[in-house]
Amino acid sequence: MCRWLAYFGKPVLMDAVLYGPQHSLIEQSLSSRLGAEPTNGDGFGIGWYGRYGAGVFKSIEPAWNDRNLHELAGHIESHLFLAHVRATSGTAVQQTNCHPFRYDGRLFCHNGVVRDWPKVKRDLVLAVDPELYPLIEGSADSEVLFYLALTFGLKEDPPAAVARTIGLVEQVGRAHDVEFPFQGTIATTDGERLWGFRYSSEGKSRSLFYTSSYESLRALYPDDPRLELFDDETRLVVSEPLGDLPGVWNEVPEASYGIIQPGQDELHQFRPEP
Amino acid sequence: MCRWLAYFGKPVLMDAVLYGPQHSLIEQSLSSRLGAEPTNGDGFGIGWYGRYGAGVFKSIEPAWNDRNLHELAGHIESHLFLAHVRATSGTAVQQTNCHPFRYDGRLFCHNGVVRDWPKVKRDLVLAVDPELYPLIEGSADSEVLFYLALTFGLKEDPPAAVARTIGLVEQVGRAHDVEFPFQGTIATTDGERLWGFRYSSEGKSRSLFYTSSYESLRALYPDDPRLELFDDETRLVVSEPLGDLPGVWNEVPEASYGIIQPGQDELHQFRPEP
Amino acid sequence: MCRWLAYFGKPVLMDAVLYGPQHSLIEQSLSSRLGAEPTNGDGFGIGWYGRYGAGVFKSIEPAWNDRNLHELAGHIESHLFLAHVRATSGTAVQQTNCHPFRYDGRLFCHNGVVRDWPKVKRDLVLAVDPELYPLIEGSADSEVLFYLALTFGLKEDPPAAVARTIGLVEQVGRAHDVEFPFQGTIATTDGERLWGFRYSSEGKSRSLFYTSSYESLRALYPDDPRLELFDDETRLVVSEPLGDLPGVWNEVPEASYGIIQPGQDELHQFRPEP
Amino acid sequence: MCRWLAYFGKPVLMDAVLYGPQHSLIEQSLSSRLGAEPTNGDGFGIGWYGRYGAGVFKSIEPAWNDRNLHELAGHIESHLFLAHVRATSGTAVQQTNCHPFRYDGRLFCHNGVVRDWPKVKRDLVLAVDPELYPLIEGSADSEVLFYLALTFGLKEDPPAAVARTIGLVEQVGRAHDVEFPFQGTIATTDGERLWGFRYSSEGKSRSLFYTSSYESLRALYPDDPRLELFDDETRLVVSEPLGDLPGVWNEVPEASYGIIQPGQDELHQFRPEP
């Protein structure tokens, strides 16, 4: 279990978004309300797009008191970034297990679990493109999901690639008698568009929310003049709402995915591809 | 805010006590119930007495997933040890701020706060014996409390030394218009006896509990054959109860201190010495 | 490249051996003389056998200033232990890549490299017993060597298992046009015997030395009364000599392995098994 | 003993300067040639000025394999920055002991030592302005030097403030029978100018070098098109030369300080102020 946030819109200093509102993501690292676990203190990561491409910063320490995170978020501007706070479901606390994962300008993060991971890991890893396989550095299920999605065409067609990835997870899981093999939400981006997925084999997925208007965002950050930059195209997507304001957040429906992009956003049904 | 545990009794492997019961100290690092903060994830430490004197092990990472802690606690036996999980009240997350502090065979840990620490720090540090001063390595209020207590005779008479220490904290605090300068509980030991203090300037101190019978301890750890070693002299002192069993824990009264020792234990009123 | 030390003999506090002599292993972490790299600062680990089985302690920080290592080595006695300081050949600096690796009471450490690791990794990992596969937690070549050796019977016949492991490494490497696939030394133990291997595909292996007499050991540690415990059965095996004393160290010949055990030790030729 | 680098000039991505040349600062962390110690692996720090003021990033791990440092240096542009790799002379390896230190837009780093630090620490700390005192977070001599310099007017007149600081160190040291109380080099900046000092009580100071022409800089980084930005005002100041090129580096004379600034730079004699 973990928590994540994605920002898409006008370039902002990341700290304005990460630390700003009451019940921010950083606060959720210490005490989340909707998560399966209240504490997400097993490391964190941020990934951003800026003038020099996609950058990542990861740490095995909790986000809430990490001074480096606060510094960097106060010096790096981005129009599109992901932040993730981790609660391990068993794999080691190490930077290579921290999200977001990156490959060739793509970022990826996941909140949830591939159930009975030790049982299914080998079959799933074997399905990763042998060219990509040596790039797997950690032991987390989420990293393997990313490399499976890359294997299945994440760079060309993210919804299809994620559908095949989760389809394979379900097929392999069921072959090993795992009742509900996949649970979670996924965010992935190429720096221009952002895809968010919500799905679980049991039909009761981790929560996923997004903002859809300028007014919602301004309500979340009423006091920060830097955030007057927000415009009608700016969006936040989060695994758990920031703040307590009614009317700000739209829930992504069960078994759906959304695309945040310049112009009209999209929301579609999601079905794993066997 | 922090949580701590002290064990006194027959030598046991530390992991039996630390990880055993429901709502153990390690679980409290992730989610404490009585603390001012639910999470105590800003580092931890253990200090123990064994065949080769007093040892300490400290880390800036959360206790709950620390593999080294689990290993060591499963290999080191002790008849008297302290364990502490930290939630910083503002000072840096670094090993030198982790408890227990050690000097010349003495261990010391603290749960609570010297209020308005930046205001009063200099005056308190100046009162530390200049011979001891260079040994202060961190920036935490608790470490300075320890060196003040050493300055005031902790090695000879712990209750008197702690009374003078807290007396000075109150005097200096009040000179700086701090309404309630001290809050907390303290554990200190020389390897033979264990002193536990509960006091706050406002008369509403952090909680402190102890076990007083073999039956209580066996109730806490019913399933662990290693703990059949417990005898009538074995005691646990904790800042927050382990487990949910009624009748196991005795509360140390407000403004009191206790001495756990071979033979009859003692419980006394505590009053700071101006 | 890394450096390691193995101790076999009378139980001693580990710090006596690790920190004692001039040019000790801890000093080698900072500045080794025979290593391919002078600094071995990418983490370290110790693994020991004691009253409660095999324990390990690992850290991603350099050994030379690690206070926890010094503490623990000063409190844990062992009759057989391995210590390893790491210089990564490219894989991440994380605890799961630190040696010694442990499985079911066996410890294993390696100094050297599987050449062109990214090329050959997948084929080698596929050869690991699928039951063992999920236990691989890191990304280092050395950990895979260990799981291959376990797959090939390390618990029953270490020399045969290591011969098959390195045989496979050479076979897979050559299939990928790697001229000299394996280089290094290996130490492995079950807590009763210790096996040390020296081999490289090119016939110019990393160094490996051992002591063979009480006099040698006493010469290394002349001033430490704790080490009067040494007896004629006590041995040190090291990847680089400690100290500068002539006549203390015997070199393990190229393409050989030794067995340190109660009674007569053994030294044999080593040949990979294709 | 430590090593540091200061860059002043056209804005560049920090990685171009830090990782570029043969024998770069990052390489010096692993293996320095002129330092008292060859390895500077006890943490590191960078401090930079950019669009959003002065930022710092610090870590207790060695610089050479730190992925976060490499990432950040590849995403943050600066016209003036300091980088420091640490070799502790005894104080703890913790972020609060890592350079550069920052206060109110000023950065400060030091390479060298206040001799017999435990003896003189208390007297020196007492001389720090009581308003600044609570901001001292670590235990290193260098941090106290910074707060002394701030106490003595670093913001108004750096050469005078550093002269009084070192004057006090010498006075206090000699009162404690320390023969040569100060040794080292210092860099400090306000984001517009850069001051570099070289001085030691014994008249044999740590080395300090600077570049003085466009040609020198281009010779250091011949292959990096990003560094075509260098102009005649761009300067590097380093505690140890990068690269092996003859004629590139000018040595700052013993007991001197330089000012790098827009327009004409300056070089003056330095004398501590008692």
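Going by the order they are written in, the chains are A, B, C and D; count residues from 1 in each one.
One rule holds in what follows: a residue touches a chain if its C-beta (ideal position, glycine included) is under 8 Å from a C-beta of that chain, and two chains touch if they have at least 3 such contacts.
Not measured: the values here are computed from a predicted model.
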Subunit B and subunit C share contacts with A, D
Where among B-C, C-D or A-D does the A-B interface show up again, with more than half of the contact pairs the same? C-D
Over half of interface residue numbers shared between subunit A and subunit D means same, under half means different, so which is it? same
Please tell me the distance, in whole Å, between the geometric centres of subunit B and subunit D computed from their C-alpha atoms. 40
Junction residues of subunit B, two or more chains touched: 67, 92, 95
Of all residues in subunit A, those that touch subunit B in their complex: 30-31, 38-39, 41-42, 60-62, 64-65, 67, 88, 92-93
Subunit B - residues contacting subunit D, complex: 91-92, 94-96, 117-119, 121-122, 126, 130, 133-134, 136-139
Name, in rising order, each residue of subunit A that touches subunit D in their complex. 13, 50, 52, 55-59, 67-68, 71-72, 74-76, 95
